[in-house]
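See the structures that follow.
Two complexes follow with chain A in common, the first pairing it with chain B and the second with chain C.
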Partner chain A sequence: MIDSVMIASIIKGVSALFQPMIMLTMFLAVIVGLIFGILPGVSGMTFMALMIPFTFGMDPFLAFVLLVSGYAVSSTGGSIASILINVPGDGPSAATLLDGFPMTQQGKAGRALGAMFTASGLGGVEGTVVLALLIPVVIPIVMAFGSPECFFLIVMGLSFIVSLGNEAKAKGAIAALLGLLVAFVGYHDATAFPRYTFGTAYLLDGIEIVPCALAIFAVPEAMSIMISGSAIVDQRTVRRSASADLWEGTKDVFRHWGLHIRCVVLGVIVGIVPGVGGHVASWVGYGHAKTTSKHPETFGHGNVEGIIGPESAMNGKEGGAMLPTLALGIPGSSGMAVLLGAFLIQGIQPGPTFLRDHLDLAWTITGTLVLANVLGMLICFLAAPTLIKVTRVRGHLLAPFLVSLMALGAYSSRNSLEDVFLTFGLAFLAWAMRQLGYSRPVFFVGYVLGGLAERYFGISVMAHGWKFFLTPISLIIIAVTIVSVSIEPVIKYRKRRKSS
Partner chain B sequence: MREKNLLFCLVVFLCMAAAFVATLSYPPDARFFPIIVISLCGVVALWELVKTYRQKGEKSSETDKGYRRRFILTAAWTVGFVLAIGLLGFNIGLTLITFAYVKTHEKGWRWAVIMPIITFVMSYVGFEILLQTPLYEGLLFL
Partner chain C sequence: MKSSLFGKYCTLLAMVTVFLLGANPAEPAEDMASFYQGKVVRLVVASSPGGSTDINARLLAPALERYLKCTVVVVNKAGAGGMVGTNDFYNSSPKDGLTLMISMEGLPLAQALGAAGVRFDCRKFGWIAGLYKDSRSLQVAVGSPYKSLDDLRKLKQPKAAVTSVTSPAGPQVILAIEALNIENAKLVKGYPGSTEIKLALMRLEADFTVQSKSHIMRKDSFMRPLITVEEERDPDFPDLPALPEMKIKPEITKVMELIMKGNASGRALITPPGVSNEKIAFLRKVTAAVLKDPDYVASVKKADLFSNPISGEKTAESVEKALTATPEDLEKLRFLILKKY
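And now, the complex of A and B:
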């Protein structure tokens, strides 16, 4: 029910966004946030962490516009690097490169970027709108999500591995299992027992996601450019106008409007669940796009649906992740955990009382998410024709720059030289996998979700015993997982029966 | 390709065998998931090994040999980048190795000068000054 207090707070919260100082801050934060996203190793979370010291003593409205604007668009920046140079700016952007980079290699970088900007920008706006609509409804559901539900949500993400690998099933299984094994390196959460550390202190905290993403996806591609010496896009490829290509990509999102909306909703749901994060959202989005596509066989070879799915889910997630942070004081993602710190610095306690005492600020934050995404989308569209030119640069000039960027990215994720060594060491495994037809995305999904799955499984068994799966939400998620995994084989079986 | 596949599967299988033995010494809670994963991976790797062994091999062509030579060179350059960072740090190491790489692969001096400058600006101005990342200074300068 919208009462007068609500209307007054909406007016106050939204009108704050149109003050010149706040608008200027948002513009600058969006540009810096995009740059942070593009650079591997630094992310939206890093942006917030670096900016928090500047918010001491700042007006809370201005402070949160600064933090939220940069954070909201950073994943878009990450995906630009994924599509153009196959370097994931952050972990979740890795899903976008599976089809984004092959499109770039085919000379369709503009179309891939257009689809990404639109899906990501609109996803962020729609996710926020869904958040605003869901606030009264969803809180009880969020409260019902415990560790068993989180575990099965991650199992659902892992189940999409089946749909990711196009190669021989045995090779796909080996890749997934190797990824899972890498996730087990470091302290075991429940017992604090160090595993597979080879006696080194460096591995106690496990293998960080940024070095791993760079090693699996980026370094092998840079090596490939070094070997061939040619540009990312073959010089013989027909050049099309960048603006026409960008527009084509935008139209692609509207051609697959159903997929876009479904993935935004999936992203919001994943975002609402605390502790699951953007990695799950983007892979769930990718898996959903592939399982529901009419041409799943073209995924991994430059299918635009493979960009729309993860981008919609990933940016849609931010709206969802904001909900438990503001309403419950529980961060919905790691970025939101940093934002929670900013709230405390400002002397504001997020939680049930926040929506009562600071409803106007909640609307300012919601409005910032919308406006920053729109602004980010516009800036990206304007900058894209220049950015695309990087794909035509000669390989021998681009490769050393990329390798340097990767080394800096690997290092700066936690200022560790060992991360650089690990990145380039693991890259040789990734190179071997690439050459021998072992799916690297499958490996990466196993790595990203394996550790989370083990963590939630352990907590679930400790808290609920071995019957932990007998909760209504868990059973629903299990059912959805079984249906989504079995849908493709069932359709294939039916087709075979029809044809015979 | 068959030999490479065989070698990869064999290495994976041996690693899994070693990991299995190491994991047995872990506490039950800590080894539960890894043991499942290692066992499955070992079995699938063995299956793939046998399957590949039964396949017919192809003789490596001249193109393969040329590619192998280029791969070894690229791998050496990649290791060179890492060594340069380790010895000279990010700012100097990356700048020098970029210069060496571009000078080796491109004719003339123009790009051999421009690219190291871009790399230096990216590492020093971008990461060290703007992002305030304390970059590693190199073993020789510590």
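And now, the complex of A and C:
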């Protein structure tokens, strides 16, 4: 029920956003956040970690507008690099490049970016609206997702592997198993036993996601560009007006409005569950888009639904992840853990009393998420025509720049030179996979979700025994997974029967 | 002739004096102060941004900047529970005193246990100051049916949530189970961090854990402490009994001592091996002043963190003690922590 206290706090919280100093801060933070997103290796989380020292002694409203604005738009920035140059700014953005980059190669970068900006920006806004609506019921929702439920949510993401590969099933299985193998490098969570580390301390913590994403997707592409010497876009494609293309992409989101909303909801659910994270959100979004598409065979070759799905889920997730952070003091993602640290430095304790004592600040943060996403979307639309030009730069000029950017990204994720060597080492594996027709997305999903699945499987069995799957939510997720995986084969089977 | 001999002696004496002054590594405090002035000091944190060690580093950095008149840059080098950053700091940092680190807790214990990945000798670090030593307690969820240790003992198979047995809190979970006779207890291992452990307890996926008092000091605490798993009562929780107040088997008392000694250094400001004693002495003096600085103390308090500084000398002593256990005692400790559960 909305009472007078709630209305007063909404007015105070939202009106704070329209002070000149706060608006200027938001504008600058959005620009810097977008740049952080575009650069591989640094992310919204890095942005917040670097900005925290500047927030000492700052008014809490201004401090959180600064941190949240930059963080909110960073994933949009990450996807720009994914689409234009096949360099994922961070792990979750990797799902966007599967169809985004092929669209760029076909000269449809504007359309891909338009769809991405709109799906991502609106996803962020809608995720925040859901956040605001769910605040009163957050505790039961968070409590409902234990380790078994997390495990099955991750399995749902993994099950989409089936829909990712277009090659022979045996090759798909080998790619997925290779991904799992890479995921198991490092300490085993439960026993702290080191696996596949070859006695080195460097591999104890496993293979980091940024070097792996760069190696699997970006480096082989840069190598191709280097070898061919041609630009990313086929020069024979017709040059179209960037603004018309961007508008076309925007309209694509409205053409697939149902998919967009479903993926935002999926993203919010994944975001609320602490420990599952953005990787699951973007791949679940991609998998859902493909399994429900009328043209699944065009995925991986430049289907705009392959951009709308992951982008809606990924930015929708942020609203969800903010929820347990504000209401319980329990961060829903690694970025939120940094934000929690910023709260503590300000002397503010997130949790149930936060919503009682600082409801106005909660509304400022909610409003910031909305405004920053809208502002980020507008800035991206304005900058896109210039950014797209990079796709027509000749290969021998672009490739050295890309390789340097990748090396920088690999280094800056952990300040580790070993990560740079690892990136280029793993890139040979990715190159071989590409040449031999093994699916790299399947490998990547196996790698990203395999470790998480193993962790929650182990905890579930230890805590609940082998009947761990017999919880209502687990059974629902299992049913949804089975249905989504079997839709495509069932439809194909029916079509075959009809035609015969 | 005499005067010429005298002159030669004088020249020789002057040369020796100049040589000794040049070769003597002793640098007066004012030279040390000017050495740091305007330089960039890297403050390494072996964990990701956002954790308590990271926040502490970000609060310490501006205070150190004021006192050393230099720029302090916080560098996160996370991985393997702090092992990656610590190994790198130990083996690859320049020895010029411009690279410092806030150590993770329990490094001497990890070394004593022979934990996988340890590529350092804690005795060779330069221990500048102990910043804070976390106090841990056995905790259950506020909404759980457990109000006392007996409630846990009555369970058929009480479940303890833990990240891993070699994490900073891991050995203390096992110590609590052994010392408090919680029979048939089972460890549920693999939680990524204290956040997930807290949620697991709230959902009754696990029954208890041992974790930092920071989880029970916050206003919205969802955790209830039952006993302090330390050698002494915590001043913030004077009514909560400490482990030695219970009836503990003598062999467990020895294990307890080893674990406590291994964790005694807490989170400390350290230099890599090879930094000159004079620089370490200077940094100890400056850091001692920084840790008493009213602005720094206020910022730590505001962030809900603890500050119980220990001098560098005492921290180095506790590290030395932690690593002087007999091989038999160490074997017992390794069995209990690494094999039994």
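To be clear about the criterion, the second predicted complex is superposed on the first by the 498 of 500 C-alpha atoms of A that agree within 3 Å, B and C clash if a C-alpha of one lies under 4 Å from a C-alpha of the other, contacts with A are read in each partner's own complex, and residues count from 1 in each chain.
In the analysis below, a contact is a pair of C-beta atoms (placed from the backbone, for glycine too) under 8 Å apart; a residue touches a chain by one contact, two chains touch by 3 or more.
Here the structure is a predicted model, which means the values were calculated and not measured.
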(message) According to the stated criteria, A:I379 is in contact with first (chain B), second (chain C), both, or neither; which is it?
(response) neither
(request) Would you sort A:A190 into first (chain B), second (chain C), both or neither based on which partner it touches? (result) both
(request) Would you check which partner chain A:N415 touches, where first means chain B only, second means chain C only, and both and neither mean what they say? (result) both
(request) In the overlay, answer first, second, both or neither for which of chain B and chain C A:I345 touches. (result) second
(request) For A:F56, decide between first (touching chain B), second (touching chain C), both and neither. (result) second
(request) In the overlay, answer first, second, both or neither for which of chain B and chain C A:G458 touches. (result) both
(request) Examine A:P400 and indicate which partner it touches, taking first as chain B and second as chain C; both and neither are also allowed. (result) first
(request) Report for A:I261: first if it touches chain B alone, second if chain C alone, otherwise both or neither. (result) neither
(message) Residues of chain A that sit at the chain B interface in one complex and at the chain C interface in the other, please.
(response) 46, 190-191, 193, 415, 458
(request) Going by the contact rule at the top, pick out the chain A residues touching chain C in the complex. (result) 45-46, 48-49, 52-53, 56, 142-143, 146-147, 186-187, 189-194, 201-202, 204-205, 274-275, 328-331, 334, 337-341, 344-347, 349-354, 414-416, 455, 458-459, 462-464
(message) Going by the contact rule set out above, which residues of chain B touch chain A in the complex?
(response) 1, 4-5, 8-9, 12, 19, 22-23, 26-27, 29-30, 33-34, 37-38, 40-41, 44-45, 47-48, 51, 67, 70-71, 74-75, 77-79, 81-82, 85-86, 90, 94, 97-98, 101-102, 105-106, 111, 115, 118-119, 122-123, 126-127, 131-136
(message) Under the definition above, what is the set of chain C residues touching chain A in their complex?
(response) 48-51, 54-55, 58-59, 61-62, 74-81, 83-84, 87-88, 115-117, 119, 159, 163-167, 186-192, 195-196, 198-200, 202-203, 205-206, 218-220, 222, 299, 302-305
(request) Write out the stretch or stretches of chain A touching chain B in their complex. (result) 39, 42, 46, 50, 170-171, 173-174, 177-178, 180-181, 184, 188, 190-191, 193, 195-196, 219, 223, 226-227, 229, 394, 396-397, 399-401, 403-405, 407-408, 411-412, 415, 417, 420-421, 424, 427-428, 432, 435-436, 438, 450, 453-454, 457-458
